[in-house]
Structures are given as structure tokens and as C-alpha cells.
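These notes open a run of structures that come right after.
In the two complexes that follow, chain A is the common piece, with chain B as its partner first and chain C second.
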Partner chain A sequence: MIKILAACGAGINSSHQIKSAIEEEMKERGHDVKVDAVVVKDINKEMMDQYDIFTPISKTKFSFEVKPPVVEAGPILYRIPAMADPVFDELENVIKKLDK
Partner chain B sequence: MLDAIIDFANTIFQPLIDLGAAPMMFILLTLLAIVMKVKISKALEGGLKLAIALTGIGAVIDILTGNFAPALQDFVKSTGIELTITDVGWAPLATITWGSAYTLFFLLILVIVNLVLLGINKTNTLDVDIFNFWHLSIIGLLVMFYSDNLFVATLLVIMLGVMKFINADVMKPTFNDLLDMPDSNPTTTTHLNFMLNPVIMVFDKIFDKLLPFLDKYDFDAAWLNEKIGFWGSKFAIGIYLGAFVGLLGQQPIATVFTLAFIGGVSLELFSIVGTWFISAMEPISKGITDFMSKRLKGRTFNIGIDWPFLAARPEMWAAANVIAPIMLFLALILPGNGILPLGGIIAIGLTPALLVVCRGKILRMILIGTIMVPIFLWSGTAIAPFVTETAASVGAAPAGLEDGALITHSTLEGPVEKFLAILVGQASEDFSPGPILAAVGALAGYILLFIWYLKQMKKRNKKYEQEKEAA
Partner chain C sequence: MEALKSYFDKELIFIEDAKDQNEIFNRIGKILYEKGIVNDKFIDALIEREKNYPTGLDLKPVSVDLPNAAIPHTETEYCHRKHVVFVKLEKPVLFKNMIAPDQELEVTYLFFIINNEKDSQTNILSELMGFLTAAENVNKLEKLQNKDEIYRFLTNNIN
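So, the complex of A and B:
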């Protein structure tokens, strides 16, 4: 199973939209993923290192180096399938490369 | 004409309203989603989730106020500080607002306003952040709390709606700058947060003139956030404030612990229930977005989403973390404030706007943010009776609230707009000259300041253009 970390400002709205969209789409594409949605501010190095992929809304700056591959998931929030598809494609590529 | 529509609506809706808020909103939201061509099972899922969210928020408010309200009374007795209003944060207010059928009405009006503005090229932003339409709805409801005048409330909502779209357009280049987004990225936001930009900008200009040298002392925000770590998380803050109230209220030690843990539990539960409630809005949001984008084939536009894409900038959090203790202190000494900050103490209704205006200059954000805190506290105090009564009318207020305890949100976005709504509401109650003069004056000042701000933003955007050409 691939563990993905989604993050936003309150850990409530945007990150949960990203979580449910990714879980639904990846299931359809035959990948076993689990997405956790948290507040950006609560992420530390320890938490980040437990995940295989990080999917923030936009480029995010931390005081530490982000180890897992990053896929920017902002376009999922536009709610327009044609704009979200590239994110899912990129995510699928990363998942395939992880080879878990 | 409008009265006839309302009468007609009342005969249809009265039996629904009599069922109570949760069943009523379950039925209305499900039906509206079906009208927007959402699959029936998805529509039902959304409606049911809204009903359990409403019920759940009521239960958590009950836990929080049931324990805090008596302790706050003792706090007042032993300290002489009159802070009796419980700060429940944003989730209960959002839920209460979505518990009113008028919110669906304002939502439809704003969708139409958006489509019309896009149609006549007065905005370039398509707003898909359906959930946050409650920000303007609560302003409409506030007008109606004072005057029962739906027409005037709708006018104010439309005016603010139009201004928010214009604001989303002028902020776009700043978002690209702050987040390194290419021009092809359509992300913007119409969030009510950013209607505070004009006021913040006044102080930012003063800063430019008087204290420009301060900027060189800016520190690394990401570093500060890491140092603060879990000490700044929701449950930790609930625990401090619970203990604070308990100790200053001279409660027995066991009660101090209870208050601390209840504070932590409530803040965590509010955001968990908040997630149900946002996923409740998901099907209808998708339906409305499909509906709008189908009507806009062939037009390119920016897309307005919720503000958290800005949460990527650590300055936003550093400012919120530093402002939290300052807010607690100000709350204790500010005349006219009745709120002890709790659920809203991390001021995400304020710091995103600071980030946009000051563009990440952290010391400015903190200093100007501190100046803004009183506006939020006064606004939160002013709307407390309205919030408490509205909570009761949608069945989200527990029995314990009847004996005069009040609830509010200390850092609710749009504090200036709340005062506008109160003045407009008072003016349209009996249309007497005094209140009308006050309302018109306030509106004029508000609009003029916004126009000045637009000019400044256009100057800023021109500079961005020139920089791009030079590069």
C-alpha cells in the first residue's frame, strides 16, 4: 500500500478534497493507496518520512528537506476533470516508480 | 413581488422548517444536488452528512460550553475581567450558517452573480469554493437579524460578492509571486479573508514611510514553526486555555484538569465534525461547478478555491503563532471586548490577508496583525447575540446556553463587513434618518477605501508586468 500525505491550511477542506479525489481515482486505476490529510503547520520531518508521496496544494517550504517525491495536487481543487487528470497521471507515474 | 415569493415559499417551507434544521437541510440539500444533476446516491450522502454534522456540532458546543460557561463566570468573579463569551472557532459558525435555508438562497444568488460577471467580462474568476459561500450568507443573516429585510440583505450580499470577485482578479499576480506559480496556473481565491486587505494596506503604506528599516530584521518563519512544533497544535492550545480559565477562575485542581482536557477535546472534535460537513458540501459543489463550467465553454478563466493554497508559505503560520498569545493578552485588557479567545486563537481569518498585502515580510505581518486583532475581537463580541440566537434556531445550541451564555468566533473573517451588516440592518429596520446616515456613510467609506486599494494593487501588478518584461 502506498501512503500519501495531503496538507492544507486547516486540515479540513482542501486537503480532504484532495484525499477523497486521489483515493477514488487511484482505486479506479488499480492502485492501493491511503491518503492522510493534515494541517501544513503540524508536519515535521518525522511525520513526512513516514510517507511515500507528499501531495501539497502548492509549492511548500519547510525547514527540513522533504524526502518523499512531491506531486502538487492543487488542480484537483478546480473540480474540472480535464485539469485534474495531469495530476493523477503524474501521481500514477510516481507510484509505478516506487514499485511497492 | 418579493413578499409574494416569500409568502409562497413560506407555505411550502413551513412544514419543512417545523421539522427542525437538521432534517430540513438534509431534504433541501439533497434535492438541490439532484436538481444540479448529482447522482441520487451521492446527493443523499451529502444531505445526510450535513444533518449529522449539524447534530455533531451541537453536541460538541454542548460539551464545551457546559464546562466552560460556569468556569468563565467564576473567572469573571475572581479576576474582575468580563470575558464571558465562549469562542467556539469557525466550524460551529459555518455549520450554523449552513443550517439556515437562506444560505442556499444566497448561494444561488452568488452563483448567478458570478456567471453574469464572467459573461460581461467584469471578472476573470470562476468561484468553485462553494463551501465558503457561507461567509456572505452569515452577513446576509446578520442584516436580517436586525431588520428582517431579505431584500436589503440580498443587496449587501451581492455588493460584497461583486467586490470579492474583483479582489480575486487583482490579487492573482501576487499569488503567482508568493507561490512561484507560472502564469498558466489558474489558482486564485475569492475568500472573504482578503476583504481586509484595504485596511491592512493603509498600515503597510505607513510602515513604508515610517519603519522601512525594520524589514531587515525579518527572521526565518519555517524555523520558528518547527521550534514551536506540537505546542502550537489544536489540542495543545485547548489545553492551555482550559487550564488558564481554570486557574484564574480559582477552580479545584481536578476541575482545572477537566477544563484543560475538555478544551483540547473540543478543539479537535470541532475540526473532525468540520470535515463531515465539508464532505457534505462536496456533491453539490461538484454539481454547481459542472453547471457553471458547461455554460462557459471556450472562455478561459481563473479558478477561485479556498485560501489554504497560501498555507504553503511558512510566514502565514509564524504570524498566526506569534499573534495568538498577543491576542490573549489584548483580549484581557481591550475595552469593549467580551471574548476569551479559544477556538479562534490561531487567526487564520487574518494571517492570509497579511501575507498577501505584506508579501511575506514577517515583522510587518505581526505588527499590523496585532493592530487588526481588536477589530476582530470587537466584531466577534458584537455578533455574539446573533450567533447564539441563530445557533438556537437551527437546533445547534444546547440547553445550557439559555441562561445568558453567549458563543461567537474570535477571528471570523470579514470583521469590518460584520459592522457594515449591523449598520445596514439597523438602518433598514425602520428607515429612520440617523441609522440610514450611519449606514450610507459606512458603505461609502468602505467602497472608497476599496477603490484606493484597487489602485495600489494595479500599481503593484504593473510592476510585476515590468519585471517580467525585463527578465
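So, the complex of A and C:
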């Protein structure tokens, strides 16, 4: 199973939307993923290192090196295929490369 | 689940002219504070939050000629209630793009999301996105010039 960490700033639960969209779409594409949704400021290196892929809303800076591959997931929030599909495609490519 | 349209309020629909984001944040923040909807730290939190996690939504992917929108908000601790505050700007102000913060967007429509519950079941963002990604909705907003009409349109077209 691929573990994915989705992150946003707090307030309107956008990372939860990213989580459900990714889980649904990847399941449809035949990948076994589990997404955890958190707020950016709660992420530390120890947490980040437990994940296979990191999917923030947009490019996010941390004081530590981000080990997992990063896929920017913000376009998923538009909920229109023209925006979301390229993100899902990129995510799927990363999942295939992980070869788990 | 509470319907998103119940978050709109006739008194919380504005048509404003502001020179920049700071001015409109301060003006709307002051009104919300005076109405007891947010606390005294809301404006600072809103400005700081926008700096760190911008909320501009580029609507070009929906249709190239649409004006852009933004969904400014804070963490729940600054809000006493749940509302969506609508502002139509007479001329756009600059926001950074939520999904590409190094890009600036000219924004005409603001939907301030006021939420006091961390685990609110209403998916405010996805409902709003559903509304904004239908080009005919934004085109219609462009034509409406009075607050009552805007209120009616929003509550008739958002679930």
C-alpha cells in the first residue's frame, strides 16, 4: 500500500477534499493508496519520512529536506477533469515508479 | 448537513471599491467584528493567513474570459459563526494564486469563508467550487448590480 500525506493550511478542510479525491480516483485506477490529511504547520520531518508521496495544495517550504516525491495537488480542488486529471496522471506515474 | 446557501446573509453581500487586498480585508473585517461574527484578532489572522496560504482562484481554466475569485479565510478560532460573505469589487485587486503562489491574479469576487467549527461537515469549499466552475454563474454575477439580486441569485444557485 502507498501512503500519501496531503496538506493544506487550516480552516476549510481542503486537504480532506484532496484526500477523498485521490483515494477515489486511485482506487478506480487500481492502486492501493491510503491518504492522511493534515495541516502544513503540524508536519515535521519524522512524520514526513513515514510517507511514500507528499501532496500539498501548492509548493510548500519546510525547514527540513522533504524525502518523499512531491505532487502538487491543488488543481484537484477545482473538481473539473481538465484541472484534476493531470495531477492524477502525475500521481499515478509516481506510484508506478515506487513499484511497491 | 447544513446547506451552504444558509451561510449567505442579505446583510453580508457587498459591492465595494478598494485599492488593494489590505483595504478590503480591513473594511470587511471591521464590519464582521462589529456584527459580532468574528473576534478582534480576525483581521490580522486573515492578512497573515493570506500571505502564507493565498486563496486566489484562477478561473481561466473554466473559461478564458472569466473574472477571478478568491476565498479568504482564517483558522476557526477567530470566528464565532458560520457564514459566507460575498464581495463584488468594482475594480479587481491582486491576490496570489492558491495553487501557484508565485502567480498574481486580478480578483473581482471574494467569498470570505467564516467557519467556527474545525470538523464542520459542510464541505464549503467543494460547494463553492461547484458554483464557480460553472461559467454561466460567474457571467451572471457580472451582470447583477444590486445586493438583493445577488443574494437571490447566490441562494438560488448554491445548494
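The rule is simple: the second predicted complex is superposed on the first by the 98 of 100 C-alpha atoms of A that agree within 3 Å, B and C clash if a C-alpha of one lies under 4 Å from a C-alpha of the other, contacts with A are read in each partner's own complex, and residues count from 1 in each chain.
Everything that follows uses one rule, which is that a residue touches a chain if its C-beta (ideal position, glycine included) is under 8 Å from a C-beta of that chain, and two chains touch if they have at least 3 such contacts.
Note that the coordinates shown come from a computational prediction; the quantities given were computed from them, not determined experimentally.
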Check your understanding: For the overlay on chain A, clash or fit between chain B and chain C?
Key -> clash
Exercise for review: Examine A:Ile57 and indicate which partner it touches, taking first as chain B and second as chain C; both and neither are also allowed.
Suggested key: both
Review point. When the two structures are overlaid on chain A, which partner does A:Asn44 contact: first (chain B), second (chain C), both, or neither?
Key: first
Exercise for review: State whether A:Ser14 touches chain B only (first), chain C only (second), both chains, or neither.
Suggested key: both
Check your understanding: Is A:Asp36 touching the first partner chain B, the second partner chain C, both, or neither of them?
Key -> neither
Exercise for review: Check the contacts made with chain A and report whether chain B or chain C touches more of its residues.
Suggested key: B
Review point. Where does A:Arg79 make contact in the superposed view: on chain B (first), on chain C (second), on both, or on neither?
Key: both
Practice item. Could you point to the stretch of chain B, among 37-45, 55-63 or 91-99, that collides with chain C in the superposition? Key: 91-99
Point to revise | Shared chain A surface residues [contacts with chain B and with chain C] | key: 8-14, 17, 40, 57-59, 74, 77-80, 83
Study note, to complete from the structure: Listed in rising order, chain B residues that touch chain A in their complex are 91, 128, 131, 179-181, 185-187, 220, 222-223, 225-226, 229-230, 232-233, 271, 274-275, 278-279, 282, 285-286, 289-290, 293, 303, 305-314, 316-317, 320, 348, 352
Study note, to complete from the structure: Per the touch rule above, chain A residues touching chain B in the complex are 7-17, 20, 37, 39-42, 44, 56-64, 74, 77-80, 83
Practice item. Sort out for me which residues of chain A touch chain C in the complex. Key: 8-14, 17, 40, 57-59, 72, 74-75, 77-80, 82-83
Revision key, fill the gap. Counting only contacts in the complex, chain C reaches chain A at residues 49, 52-53, 61-62, 71, 73-76, 97-102, 113, 115, 118, 120, 123-126, 129-130, 133
